[in-house]
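What follows is a single structure, and I will ask about it in a moment.
Think of it as A, B, C and D in the order they're written, each chain with its own count starting at 1.
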Amino acid sequence: MPRKTVLKVEIERVSILDEHGNYDAALGDGLIPDADLVRLYEAMASCRYLDEVAFKLQRSGRMGTYPQNMGQEAGSLAAAYVLDNEDWLVTCYRENCGLFWRGVPMESILLHWMGDERGNAMSRAHFATPIAVPIGTQMLHAAGLAWASKYRGEKRIACTFFGDGATSEGDFHEAANFAANLDLPVVFCCQNNFWAISTPGSIQCSAPTVAQRGIAYGMPCLQVDGNDLFACAYAVKWAAARARTESKPSFIEMVTYRLGDHTTADDARRYRDQAEVDVWKERDPLLRTRRHLEQKKLWNSSKEEAMQVRVKTEVDAAVKRAEEIPAPPVADLFNSMYAELPAQLAYQRDTMQTHSLASETAAKAEGH
Amino acid sequence: MANLNLVQAINLALIQEMEKDDRVILLGEDIGLNGGVFRVTDGLQKRFGERRVVDTPLAESGIIGTSIGLAMAGLRPVPEIQFDGFLGPAYDQICSHAARMRTRTRGAYTVPLTIRVPVGGGIHAPELHSDSPEAIYSHTPGLKVVMPSSPYDAKGLLVSAIRDPDPVIFFEPKRVYRAFREEVPEDEYTIPIGKARVVCEGTELTLISWGASVIQCMESVEKSSKSIELIDLRTIYPLDLDTIEASVKKTGRCVVVHEAPFTCGVGAEIAAQVMERCFLHLEAPVQRVTGFDTIMPYYKLELNYLPDAARIAGAIDDAAAY
Amino acid sequence: MPRKTVLKVEIERVSILDEHGNYDAALGDGLIPDADLVRLYEAMASCRYLDEVAFKLQRSGRMGTYPQNMGQEAGSLAAAYVLDNEDWLVTCYRENCGLFWRGVPMESILLHWMGDERGNAMSRAHFATPIAVPIGTQMLHAAGLAWASKYRGEKRIACTFFGDGATSEGDFHEAANFAANLDLPVVFCCQNNFWAISTPGSIQCSAPTVAQRGIAYGMPCLQVDGNDLFACAYAVKWAAARARTESKPSFIEMVTYRLGDHTTADDARRYRDQAEVDVWKERDPLLRTRRHLEQKKLWNSSKEEAMQVRVKTEVDAAVKRAEEIPAPPVADLFNSMYAELPAQLAYQRDTMQTHSLASETAAKAEGH
Amino acid sequence: MANLNLVQAINLALIQEMEKDDRVILLGEDIGLNGGVFRVTDGLQKRFGERRVVDTPLAESGIIGTSIGLAMAGLRPVPEIQFDGFLGPAYDQICSHAARMRTRTRGAYTVPLTIRVPVGGGIHAPELHSDSPEAIYSHTPGLKVVMPSSPYDAKGLLVSAIRDPDPVIFFEPKRVYRAFREEVPEDEYTIPIGKARVVCEGTELTLISWGASVIQCMESVEKSSKSIELIDLRTIYPLDLDTIEASVKKTGRCVVVHEAPFTCGVGAEIAAQVMERCFLHLEAPVQRVTGFDTIMPYYKLELNYLPDAARIAGAIDDAAAY
């Protein structure tokens, strides 16, 4: 009686296709049909190329700060692939690949980082929320969105993505706790990439796994190789089923790595070793998926070349479309503030326009 | 028509909006069986079930953050924050998300949210149970800020708030909760957000206030020998500047009264606006009777902090004698 | 390889003196010498009597809202007993018993609930922080206080108390996470009394134990019978040692029950069954300690009677002292705001005083 | 004397205070090896070790909450909040505790805390990286709010802030970080909190600003044909009302410029104060040139939001022509 065990928990790690090409057929077969696997690979390649282009755009002053997704494509893509198209996808800013799979146009994401709110004016048909800049805050929205479908008796669930750093924020805790205690159909996916800007994972979570964060809420937790499309798909499928049938949340840690700088405003060489990056380059989700496809004779270098051309054409076209969109009219500052513009805001808008016109005229007169 | 206090008027408004619109759902700490610590939601969980009146975990950011999700999905959540002082943990979700979602997404997503918050001092409550943070949220674009001073107004304004397509912070002055009753129609009516009420007309001075302080102002008006026009703002953001301007142009003098601290309070905004709009009509500088630039004290001194009829009378005299 | 266990954790529950009088000598002996046990019992009795008196003071309008401690005396008392007198005790509002043991005068606590800040103007020699009204916020201060002693190389640790409801707040999570990742010597004690005002424990934490909250941070966690002085002392001693020697935090769940209303502003009959309360009345920490003392022949009814007289005298005297303290001068509103009063605050103070004087004079003139 | 930009001036102030006083410790996100995202703490971890320059978890409430504990224990923590928009999650700890601890405990516990926060727009940053929340904290009694506009002031004010026995929010205007260099003494000096600086004297109009906007104001003064007195507040709370009053009594006209939204901004407080103190001297209502009551836009439109020399000139003309 005096000391007795009142709780025992275990956390498992799932890996299906590892960086050495090992593939676990028992778990993997049937998860992703071959044709889809090819498409998923192409989606990752396209996202990867966008990263390259965006980097250059930023460096040449054609875009603001941009966070590369490089190395982390698999997690959100697997989720978008496995989920229903009308499940909520509530992401942070390193989940382009999942969003594109869902149908979010590339130029929306570009426009966002080009400093234009219209990049977030995505169709509601995508069931994707806008990029969340304040870290850790979007998971609460996911809980609320999931709650709304439960309230309405809909089948729709919510899947939310966030980083290891985000799990340090109080809002993460509140979201997980709401979901667990109010029985909300949420899939929590933490992309543990070992860094939050320059801060190493141990400062965000010194526990042996990030997955065990979920134990605090009595959630089932799973750790997966986050660079393994199959393992990610496996985990999200499992968690989504639990959410859909039992209206209960689960927690998935996807172990991955950010191959690039935090954003274009960052220089990762200041704080991390190239050796570490090199190890992870070998674990790149693109690389292993391609090798797997090649092994299965579904891919070869001529297909690769053809695809690279296609991807380049597509991405370049999206960049062109995004760049051709002129800045919004200045009145847009005001026009989306409220459903109906309060008188005083209308007054500010109107007097501002007078002033801008006046100063433009003055500038012209001075010959600028 | 029923003779209701402010608590009952809000309870009635909630019942009627919930009956009318299945999208309206209530959430908050202790609002279910317990009916909220002020009993504003008394009986509602029994009536509408645990699905529509939800006791949440003790986490204000969670309450507002999930409400944002609920609202983005098209529901009309009406969360309660238990006391003014506990809006703090929810500040970030309110300002970084609720207030920004429409403009961030150019209207693709909106947040029709009504945050109910008991507000203000005068009820002998502990620390952080007596604050008046309306200026904070009036300085945060994207929100509307409402504070009724009477049961009738409370019902009509709450209905407007719930139906409003944008986020509204609905402050309920605790001191008024059970202070008096008045006739409140059972029938549906709304009071528009953004319109002030001229409580009584006058020609010599304009007295402006909102929430519980309106009652002190009425007392001062009654006691004063001057002809005072009393304006109850009802809505703090957006301000009904036309009503204010018309009044001060008529009276030439203005006193603003609020419980919140002096510096950067809403009184400053009104004073600045009155100066901008009525400069040539002003016979005296706008006077502010407010809480001080101090922490709202524990209750032994709270009446010394809150504007009272004497301080208001003093300001009226100062303005008149200028 | 494909599914492998990466984490196994267990949580134990410690109970030493249970409500049936069972006492585990192996764990309990040596923890609390007999003479101390008598004193601890008396301390609980005194605190219990204060609760009664405070309730009446509130009901008769002589005090504001007051939260009774009834039923939860053991946890904070055991901690204060086991800790060094200069360890920080960072409590919420239901830990009178621990504070009094530490030496905080009863009238300080009374004064606080009588609406007077001077109730918090406790001597720094008590190493006790003021009552924390905003739930869940004080644990971060504990982490900071502990950090300061670590920084200075002092032996001092911090022990913080909070309710089950408080573990729903984001600040709880951030405090635990800071302590775990920055290696801060903190003992986290959650008094799980199954209620947060009217909200049952399952809405705050639907996991099987509250103790497992700590697993999220990789902390060792222990659940104890929170009405058992011995078990609480045992747990705090264990956690304090770990904090002091390894500079690491631990998490203790003390399972207890609030026998009274949440505060004098609450009416618990609205939301909980008397039957539940009755069960817990049998588990009362006072009751079982008294029975244990009687069994050991350290206590009897004449000692009990004598003590009740003593306690009454002491508590009544404290109430008298607290009530005799006149309201602070009105200028005190301003005088503790800053080390040096800014000019504008001095101006506000001075004009306010003019006004109050004027209105007093006017009132007098009108014959009030 | 060294020729330093604002980033370097702050870095130097931190070094000197840390060398002088072992109680000074820095904490925040990415402030260690990385030197902070703006490199303000560059080299400090190397110099003072991981004990005194601490990378924290990504949690603003945690940063401020633990800083409060550190300060209560007698240290002098200088936490960094990475961007203005991320003060939100720390709002509650700042307002419910840091600002209240002294008065709550009648001085038994105090919180000598300096919160460093990069502030304001104009650097093409993403959402929530360009806000100006100084009015929020100026409305919160118990805090002091400081915002330098130049390297020289930054160093002297930061030293004062760190030594101040009360909590100070130290806003660092991002637009000024690397905008220019000036001579900054290596030797110790302080600039008192609560004292404004008259940047240039003038007789026809008083122009009041702080932070990055001071630079736009200087441009306007240079371009204007009028004799303008420019006041850089340096400290926003407590306001240096004497300097403002003396100036406006002399000039009779006043324009206030700030980046934050219009309604309930610090401009309103200044306008109200000027009216109260200089009513009979005022030739025109105080004009406010500010951000709008809109969310700070994404960067394509940010220059349309921020007060610029043209808008300031317009207000000067309006005030002069009144």
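In the analysis below, a residue touches a chain if its C-beta (ideal position, glycine included) is under 8 Å from a C-beta of that chain, and two chains touch if they have at least 3 such contacts.
Since the model is a prediction, treat every value here as computed from it, not as a measurement.
When you average the Cα atoms of each chain and compare centres, the chain farthest from chain D turns out to be C.
Rounded to whole angstrom, the centroid-to-centroid distance between chain B and chain C, based on C-alpha atoms, equals 35 Å.
Chain B and chain D have Cα centroids separated by 30 Å.
Rounded to whole angstrom, the centroid-to-centroid distance between chain A and chain C, based on C-alpha atoms, equals 43 Å. Within chain D, contacts with two or more other chains are made by residues 56-57, 59, 61-62, 85, 88-89, 92, 96, 103-104, 127-128, 141-142, 239, 263, 292-295. Multi-chain contact residues, meaning those touching two or more other chains, occur in chain A at positions 117, 134, 168-171, 174, 177, 181-182, 203-204, 332, 337, 344-345. If you sketch which chains touch which, every chain touches every other chain without exception. Partner chain C is touched in their complex by these residues of chain A: 1-16, 18, 22, 24, 26-27, 168-174, 177, 180-182, 202-209, 211-218, 223.
Within the complex, the chain C residues that touch chain D are 117-118, 120-124, 129-130, 134, 137, 140-149, 151, 158, 170-171, 174-175, 177-178, 181-182, 332, 336-339, 342-345.
On the side of chain D, the complex with chain C involves touching residues 25, 51, 54, 56-57, 59, 61-62, 64-75, 77, 89, 92-93, 96-97, 102-110, 141-142, 144, 164-166, 194, 238-239, 241-242. The residues of chain B lying in touch with chain C in their complex are 29-30, 32-35, 37, 55-59, 61-62, 85-86, 88-89, 124-129, 262-263, 292-295, 297-302, 304-305, 308, 310-311, 314. Chain A meets chain D in the complex at residues 64-65, 112-117, 133-136, 165-166, 168-171, 196-199, 203-204, 265-266, 270-271, 327-328, 330, 332-334, 337, 344-345, 348-349, 352, 355-356, 358-359, 362-363.
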